[in-house]
Amino acid sequence: MKSMPDSWRRETKPHKFCPGCGHGLVLKALGMAMDRLKIADRTVFGVDIGCSLLAWDFFNADTIQTHHGRTVPVIIGAKRARPNLVGIAYMGDGGGYAIGSQHLINATMRNDRILIIIVNNTIYAMTGGQMAPTTLKGQKTETSSRGRDPKYEGFPLRGPEMVASFAPEGAYVARGSVSHVQRLARYLERGLENQLQDRGISVVEALSTCPTNWRTNAEDTWKFLEKEMTDYYPVGELVSPFKRDTQKEAADLETCH
Amino acid sequence: MKSMPDSWRRETKPHKFCPGCGHGLVLKALGMAMDRLKIADRTVFGVDIGCSLLAWDFFNADTIQTHHGRTVPVIIGAKRARPNLVGIAYMGDGGGYAIGSQHLINATMRNDRILIIIVNNTIYAMTGGQMAPTTLKGQKTETSSRGRDPKYEGFPLRGPEMVASFAPEGAYVARGSVSHVQRLARYLERGLENQLQDRGISVVEALSTCPTNWRTNAEDTWKFLEKEMTDYYPVGELVSPFKRDTQKEAADLETCH
Amino acid sequence: MKLATKRIAMGGEGGQGVQSAADILAEAAYEEGKEALYIPNFGIEQRGGVSLAFVQIGDEPAGSPKFKQADFVVALSGRSLERLIGFLWEDTIILYDSAWLAPPTVSDQVVGWQSYDTTAPDFFAERGVTDRRQKFPEIKQKVKNIFALPASEIAMEKLHPRVSNVIILGATARLTGVVQLESIKKALENRLASKIKRDPNLKILNFNALELGWEAGERMLKSPAYSAAT
Amino acid sequence: MKLATKRIAMGGEGGQGVQSAADILAEAAYEEGKEALYIPNFGIEQRGGVSLAFVQIGDEPAGSPKFKQADFVVALSGRSLERLIGFLWEDTIILYDSAWLAPPTVSDQVVGWQSYDTTAPDFFAERGVTDRRQKFPEIKQKVKNIFALPASEIAMEKLHPRVSNVIILGATARLTGVVQLESIKKALENRLASKIKRDPNLKILNFNALELGWEAGERMLKSPAYSAAT
Amino acid sequence: MISKLETKKDEYPRPVEGERQAFMYGNEVVVWAALAAGAECLYGYPITPQNEVMHYWSRLAPDYGGKFLQTEDELSAGFATLGGIMAGARCFSATAGPGTILFQEPLAMAEMMRIPIVLVVQQRGGPSTATVIYSQQEVFLTIFGGNGEGLRIVYSPGSHQEMYDYTLKAFDVAWKHRFPTLVLGDGYQAKMRERVLLYDPAARGMEIEPTVPFVGLPGVPGVDREPAHWRNAFSVEEELYEELEPIINDYYRIAPSLMEKEEGYLDGAELILTGHGIVGRAVRTAVKELREEGFPVGFFRPLTLRPFPGKDLIRILDDCPRLLVVESAQGQLAKLIRISIGGELDHRVQMYPYFRPGLGISAEELVEEAKAILNGKREQKQEKEFSMSML
Amino acid sequence: MISKLETKKDEYPRPVEGERQAFMYGNEVVVWAALAAGAECLYGYPITPQNEVMHYWSRLAPDYGGKFLQTEDELSAGFATLGGIMAGARCFSATAGPGTILFQEPLAMAEMMRIPIVLVVQQRGGPSTATVIYSQQEVFLTIFGGNGEGLRIVYSPGSHQEMYDYTLKAFDVAWKHRFPTLVLGDGYQAKMRERVLLYDPAARGMEIEPTVPFVGLPGVPGVDREPAHWRNAFSVEEELYEELEPIINDYYRIAPSLMEKEEGYLDGAELILTGHGIVGRAVRTAVKELREEGFPVGFFRPLTLRPFPGKDLIRILDDCPRLLVVESAQGQLAKLIRISIGGELDHRVQMYPYFRPGLGISAEELVEEAKAILNGKREQKQEKEFSMSML
Amino acid sequence: MSITFTKNKWEGPKGVFIVSPDLCKGCGLCIEKCPSQVIDWTKETGIYGTPIVGAKRIDRCTACSICVLVCPDAAIDVEKNKM
Amino acid sequence: MSITFTKNKWEGPKGVFIVSPDLCKGCGLCIEKCPSQVIDWTKETGIYGTPIVGAKRIDRCTACSICVLVCPDAAIDVEKNKM
């Protein structure tokens, strides 16, 4: 197994994420998918504002660091102008479900041929740990110091489920987790394949970690991700235009962590 | 039967909508609901930019005409500041599902205690008939002169279904039509009751007419609404925190048109 | 102020076809090699209320799309004439449809008025001649002349209610003297091209209306109906 | 330029506690009735990279939060000292942790550096003393004095690795002469109040560290380790 | 690997062949100019009075290989336009009023990253929703609306012909200098109909700077070439300053070559009238009229509002220190003028305001106003009003 | 029917009793000032460097009956704030950088409808995302960012004490005059920690204008009273003009009473230094230092950027026609100055730029710069640079 | 409420059909929806200068009030006869 | 690729465990995930000045590569012995 996907740019490593940050793992999964499909040379990788911006020089792939919540339109604009490009819009849960949610909704409706990756770390990480749409019930953040209260702040948003509810034909929607990097890589690969085959939009949420703002050690980081988050946010494919290959899936499950 | 609900402001009638405009009927249904609940005196009625702005002086109720897509936050701001007010956010499908969709999504997630009314006329009416998220497949508009093509513009958005997919406990979601004014009035009344009982958000879409931009005569206006639109946009309650009173419903159906 | 450029302000109810009349007039002038400028007055509403149009025709490009004083004011309804009163000056010639519609007054603190491209879809009810004529609005300004033409009645009786605006257009063209009959026919045909293709009678109908109007204008020029009123 | 206000620039790796040390120093001065201003240097990243803090203490409010020349430069790591070289002038006194961490250089065309509030959560791995010391960065500027204090080693051996920043703080306070030991103890206690409640030993531990540093500062003042180097 | 840019195919006809006279609406003129300049994509969101730009484009452009997308809002329209441009396509958009506000976010990004976006702004009344008709109230927004230094190029045409000329030019200038370039029209220009001469720029020997992709370049990144890594976020002050300084320097280096203006009847003028856009046209007409009547007036009409041709105005005011500033706004042009001349003259300038925010202005009323000034009927009060608006 | 306004109950403690010395972060100062002014709701969206305003408020405010909502973006934050204010609550928000851009849409609505919104802007580097740290590049955005005439009141404090004073005052002024009122800080002020004296305005006899609801008024609308019908859209030009004129007149009527500035060491000054906000503080310190060294310099520090205290500056420049303009932006303050003085003086003013977009400025460097000017080392090139930036 | 609108009335066996020319904009929606084909255009014009409706075949009117419900301008009233 | 990172190696029965001090930020995620408790902290510090990991109990290492997969910084390599 390669520790570093070929599409990673070694010159810019170590990357700029904190110790233990899940972004590194999501990008590892993405790198694996890009390696497998050999598309780094025609990819436009768009990163949002949020910790995802730290990936502006992450890949050996042309990259645009955009504005908070605006990566989806930037990538759509590029993709529609030059359909042979592979468009990837990479963002946090704040960028995807709060300030950029109109773009997510309307891109899904239009079935834009891009891959949207939303990193769900239940928090606004870059700005120092405020509540996100994905913050869990009772979870304490800088702007929910008494814990998120559903009465005033609502229940956490399950983004892929929402997208799936009206995802058009040809769309691919899944939720992976950095605690299963290979499975996440598979989802991302399918999302990209879907785009390569001009079928429809792909939206993949990745459950991720933010030890810095969670203030967790390694043990609690994994626990929060694998227990609390995964309980509320089930991992799996929600909508897929691919024929299910159950054998392959079983094999996946074995090798996935 | 009263032709004009008490909550309508007679001084400003005839209203400013075109001949045959469905907005008048949605507002009639809303007026009926307000009359029944006797809440005109503590209502804040917010109207969007879009033809809904023409209702800025429509009711004997305090009204704020806001910006395009921004009526939801304005009403939320008022409601949270003074919870005893009854907040109604009235807008078009452009305001609700395009430029303001982030507010719709996040208000739903937070379960804000307001009633959102989205008038679906499959078009941007006020600006002269451009495509809306709700424009039907193949429908010709000023910006889809060859008819809406799902390959490039996607399939029409079913808003209430999307909202329902993640509507929290206590939410009320329905789709009515101006071809059934009384049933629409009932939905709006339930949406308001839901707010009065502090249960959750209410989102009611109203299928409506726009003979001016559809360029239809009375007959075709009804036909487009009742056949084309209703085929794709089924009318009914999607999510309701109310116990179903089947007797009452049956009675409704009889009197509804 | 007297200018070489002719300034024409037209008004009517939304759906009376004021905008197309004005636009065709300008286009005809352009086709003749004149400098023409047409601009609609448009507001927030799609339909309803008063519809105003402004045309300037001359040898030099117009200085600004709108103007303060009109050389010609053409009114197809009472309400619209009220809105045009501010444009009157001592040299204004007024032409109005003396078979007015007479709507009751609408509260005017409304979001406004008016309407761009407000020709009603064909499918709406045909506009008829009303039984109640609105009285002529009070004009406190000295003007040069006021001409009456019962265009709607003529249209109704001799042609078709839809073409009353074309009759007015014909009269306006003649009265203002800014274009030839032929040019305006050409512009009209241009504009209706696709419709005429479907229904060739349309051309005849419209040309007839134009000619009726043109002739009426001719007669007016010969025997001014009113002299400058106060 | 010589000013009445003392300008102190501190730097270290994110997580070394530079910000709290600087903040406590400023607060202590404030408590003594002095005019104090503390400002962190913060960038886009949450953690990682160099963490800088600026403190000014005097009798008059500071003119601007940042300054061009520091009277004291306190460096807890080699990389941070490199970032502080621009602040040196002939009157600068440098104090550094001579048990440096020696990270390999990171490419600097990164989105930047730095970090606000970067104290690592308690839960991260404890920071140890490295085997590889980074060589002192090349300083081309004449400075007044350079003092070495192996704070990390002292902390590790005598107290606890976490308090090396407090040892440095003690030494800085003494060297700069801007505050009394008592004031800084009070400020430290203030800041740790809630933690001390949970674990009263923390207070003793930190006070000990402070005193160790203070005494080291005392000794330095008596026998300057280096004289102005080029 | 992408073998070649998928730009517009050669099989498409040229939108404008040679020269063609037409009687057109302003929004239509914009579309023909964009087509003639080789524009490939319009991503936009409807707003009156620019809607017809989208209507005409979505109808016409496909015949010339152009693409269209109606987005969910102006933020999306603006950022999609940036994405399209960075992919190497000649993209533009059009907006107005509250839409111009939202466009400031993508414009700010374009300013930082030197993305050659072309935006047509058809001003409407403001502030807020106001009217859908007309004003000149988006001048400051268009120039300085972002969180930066207004490193933009702004043209203010006054006729359909200029609208055509400057929209064409905007594409050239934007791609040549890589600054956001805006064409500032208004509702009158958008909706009025008048003569225009369309021409194929190539037929006139005009070259329009070709587009160059920022991303999706040929070759395997990391193997054949460095990957293109574009960003607008920086961590420390100094880093930003280093990035920004050359951009600012570039801007001011090219500025002198960009400034355009029209002036006339300056000889012996005792009063200068100035106005931009459609108002500049009324100003010119009024001055001509006044001169014909023997009044000593001249005019100055800036065609670029940014950079502002202030040096020319200073020269003019050096000779004639009386200025009537005419605009359908409360002193926005006046402020641009004062920015240019402030402290640069060794005498006072008597400035007279003719500020009509949101209102159209006719040549006739300017003739009267100028006469009133020349006849000494507009002193104290007017000047005070002017100074007041400059606070 | 609503019997009474559900405003803050009397049972809540006063946030600040009497007076209290504190050593605080700037964002914390903002929150205490808002609480002391009786603010009831903060609806906001996180952005560095103002995040802690939201952190402190969401923690502290509930104890004083305050409410908090983190919205989905700045558009929502701004419009929710308008909704809360119209419901009669004292609401405010805080933002920065790209957030300040998005806030222009609600601010434009507030300008048209006279909604007394208070917004704290903590400037960061620009344009675009740039840095999260510091700049003075949001001056024009804050003043003129909407699609209108900039009918706003903008304070630029330079210390925590002024931050407290002017944030308090902002609420009073906003509700008294019904114009959007902004407090323009920056990342340094937001994140630095220094002394401040908090006080209860009531204890000092300061009255803060009470809030009045726009909607949800007592009585049955249409029966006991007219319904409140609020709008910002108008159909014809004249209607807008009629609506706008009294607003503009009101603004300029109150403007003279709003302007604030600090000046010093003007006697015999041969060079005036000017700067606002945190830079104004460096300017003052530098001038003091220079005077102590015997250099003839004075300073002018505008505290209101809008309306700008230009009359005072004209008076100063009348005596001393040399001005060093210092700012962490490329001439935004300089432009405000030129707007004020343009054409008003009967002599030239020598203007020297000290423009450092996005960079902090220390007193030390200003001392050096001023000396260089006084020693004649900064003539041609500098002045040219200045004029260039004014185009 | 002091605001009144002009009224055109047709009295029929089941009730009175009332149209207000001040309100009717002539959209024709009611014509289509009347189950008994009672309503049709009249020669009179209303507020928009367009023809307005009347109860051409009032005898057929069942006073079902569907027309009242579907008029977007609240221009129709139907007073049921007491039976 | 000319970019190389320093490597600390531990050779075990099933394979070689390699950590790069240039990459390891000391997050500890790998320690938690190693099913055989092979990994632990060392005395050495890495790029962030924080302690980095090593294969304290290399004998137990099954060369399963889970650690390789979970390291967000790609700081671990495991070379399986050929068998």
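Per-chain residue numbering starts at 1, and chain names A, B, C, D, E, F, G and H are given in the order in which the chains are listed.
Criterion: a contact is a pair of C-beta atoms (placed from the backbone, for glycine too) under 8 Å apart; a residue touches a chain by one contact, two chains touch by 3 or more.
No experiment lies behind these values; they were computed from the predicted model shown.
Novice: Counting one step per pair of touching chains, how few steps separate chain B from chain G?
Specialist: Between chain B and chain G, the shortest chain-hopping route counts 1.
Novice: On the document's contact criterion, could you list the chains that touch chain A and likewise touch chain F?
Specialist: For chain A paired with chain F, the chains in contact with each are B, D, E, in label order.
Novice: So, what's the distance in Å between the C-alpha centres of chain H and chain A?
Specialist: Between these chains, centre-to-centre, one finds 26 Å.
Novice: If you average the Cα atoms of chain D and of chain E to get two centres, how far apart are those centres in Å?
Specialist: 53
Novice: Between chain C and chain D, what's the gap in Å when you average each chain's C-alpha atoms?
Specialist: 83
Novice: Any idea how many Å lie between the Cα centroids of chain B and chain E?
Specialist: 39
Novice: Residues of chain G touching 2+ other chains?
Specialist: 22, 25-28, 47-48, 50
Novice: Can you list every residue of chain D that touches 2 or more other chains, as numbers and ranges?
Specialist: 41, 43-45, 48, 106, 110-111, 116, 124
Novice: Give the residues of chain F that touch two or more other chains, as numbers and ranges in rising order.
Specialist: Correct list: 48, 69, 72-73, 98, 105, 109, 128-129, 131, 133, 231-236, 239, 360.
Novice: Return all touching chain pairs.
Specialist: Those chain pairs which touch are A-B, A-D, A-E, A-F, A-H, B-C, B-E, B-F, B-G, C-E, C-F, C-G, D-E, D-F, D-H, E-F.
Novice: List the residues on chain F that touch chain B in their complex, please.
Specialist: Those residues of chain F that touch chain B are 1-2, 5-6, 40-41, 43, 67, 69, 71-73, 75-89, 91, 105-106, 109, 213-217, 219-223, 227-233.
Novice: Of all residues in chain C, which touch chain G in the complex?
Specialist: 13-16, 48, 77, 101-104, 106, 120, 124-128, 130-131
Novice: Would you tell me which residues of chain E are touching chain B in their complex?
Specialist: Listed in rising order, the residues of chain E that touch chain B are 45-48, 51, 54-55, 58-59, 68-70, 72-74, 98, 128-129.
Novice: Show me the residue ranges of chain D that touch chain A in the complex, using the header's touch definition.
Specialist: 44-49, 106-107, 109-111, 116-117, 121-124
Novice: Over in the complex, which chain F residues touch chain E? Could you list them?
Specialist: Touching chain E: residues 97-98, 100-102, 104-105, 108-109, 111-113, 124-131, 133-134, 137-138, 140-141, 144-151, 232-241, 244, 248, 252, 255, 259, 306-311, 317, 321, 323, 329-332, 335, 337-351, 356-360, 387-391 of chain F.
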